[in-house]
Amino acid sequence: MKVIVDLCVVPMGVGISVGKYVAECQKVLQEAGLKHQLHAYGTNIEGDWDEVFAAVKRCHERVHEMGAPRITTSIKVGTRTDREQSMQDKIDSVTKMET
Amino acid sequence: MKVIVDLCVVPMGVGISVGKYVAECQKVLQEAGLKHQLHAYGTNIEGDWDEVFAAVKRCHERVHEMGAPRITTSIKVGTRTDREQSMQDKIDSVTKMET
Amino acid sequence: MKVIVDLCVVPMGVGISVGKYVAECQKVLQEAGLKHQLHAYGTNIEGDWDEVFAAVKRCHERVHEMGAPRITTSIKVGTRTDREQSMQDKIDSVTKMET
Amino acid sequence: MKVIVDLCVVPMGVGISVGKYVAECQKVLQEAGLKHQLHAYGTNIEGDWDEVFAAVKRCHERVHEMGAPRITTSIKVGTRTDREQSMQDKIDSVTKMET
């Protein structure tokens, strides 16, 4: 099952700046070979369900290893059976309406 | 890794009433033997990471099988390494402050 | 416009225990006279759009005043024009399917 | 109070393709003069709290007017009192760690 995910990992108990933890998650996604795109409030990820969620788990493990005692993460998960759709397709489906 | 999750599955393309799809997800959680509690905008779930996310995947599969061509799901995921915490502990940590 | 909201306020930069900040938000909702119900990963709120979002803003103001330098909040917002629906109605629409 | 928001509006009961509704929300943000950036699973918005949330409300009103009887929206809301931060700053705080 193909999935498009939006992931936002929030480490708690490590102070106010969390950029390095988010950067580490980008590295996890990179290592997993998953197509992903950072934005100002999360990261879009596209791939096979099991691979994507294995990477999400690894993000939690890695951020805990870096010293964060607590993590709260928001995930949006989209699946569809009617047709294939990429992250770019989703953006295009909106922008083509705006013309 | 122990996790507390809040799950909100939204089937699309099946009309306006989605109660039966959410009820099916409750059944999936029941079958998985996971502690869970329905609220007005989702379901709290507590358990082992892999078991919880296997159940979330089964929810998507089941809701597609029921005829929903598209699903968008919101998940909140909490993990911590400093101590064990149950769903009830989380509620208690707030209510004990209110006295 | 009537709205049902699920609110989860996460103060950052204040350590690992955030119960007192969430309790303060409960007080804000109480003061606003809004129907609300705490669960393990947020609070369901029901009311008029403007009143609910005024309360959400006051939560951010109050939590900053308590010393949190940064807040990240997740909100789910449901509106419908086909019929009135309360938080309890939403729960009932699921549980009546489970029998 | 300055805010950075991530907005994902999901119209229900209008079938499977929702691009035109999301495009209409982009127009609302445009008309409001708010800085915003569409991504594959939502839209980042930056601005004054009241202006941003007035626009979010207008999105719901507009999407209902277009015929959607039900809407479920996910919003992430970030505020901070320690310093000013733009959407671009948030992205930079991650990417500068990756080098």
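Residue numbering begins at 1 within each chain, and the chains themselves are lettered A, B, C and D in the order written.
Criterion: a contact is a pair of C-beta atoms (placed from the backbone, for glycine too) under 8 Å apart; a residue touches a chain by one contact, two chains touch by 3 or more.
Quantities reported herein were computed from a predicted structural model and do not represent experimental measurements.
Distances between chain centres, each the mean of the C-alpha atoms, put B farthest from chain D. As for how the two copies chain B and chain C face one another, over half of their interface residue numbers coincide. For the pair chain A and chain C, the distance between mean C-alpha positions equals 25 Å. Averaged C-alpha coordinates give centres for chain B and chain C that are 18 Å from one another. Annotation: 19 Å between the Cα-based centres of chain A and chain B.
Shown for chain D are the residues that touch two or more other chains, namely 13, 16, 69-70, 72, 74, 76, 78, 80, 82.
Taken together, the chain C residues at the contact with chain B in this complex read 4-6, 8, 16-17, 19-20, 22-24, 26-27, 37-42, 44, 46, 74, 76, 78, 80, 82, 87-88, 90-91, 93-98. Residue ranges on chain A touching chain C, taken from their complex, read 10, 12-13, 15-16, 18, 69-70, 72, 74.
Contacts from chain C toward chain D in the complex involve residues 1, 13, 49-50, 53, 56-57, 60-61, 64, 69-82.
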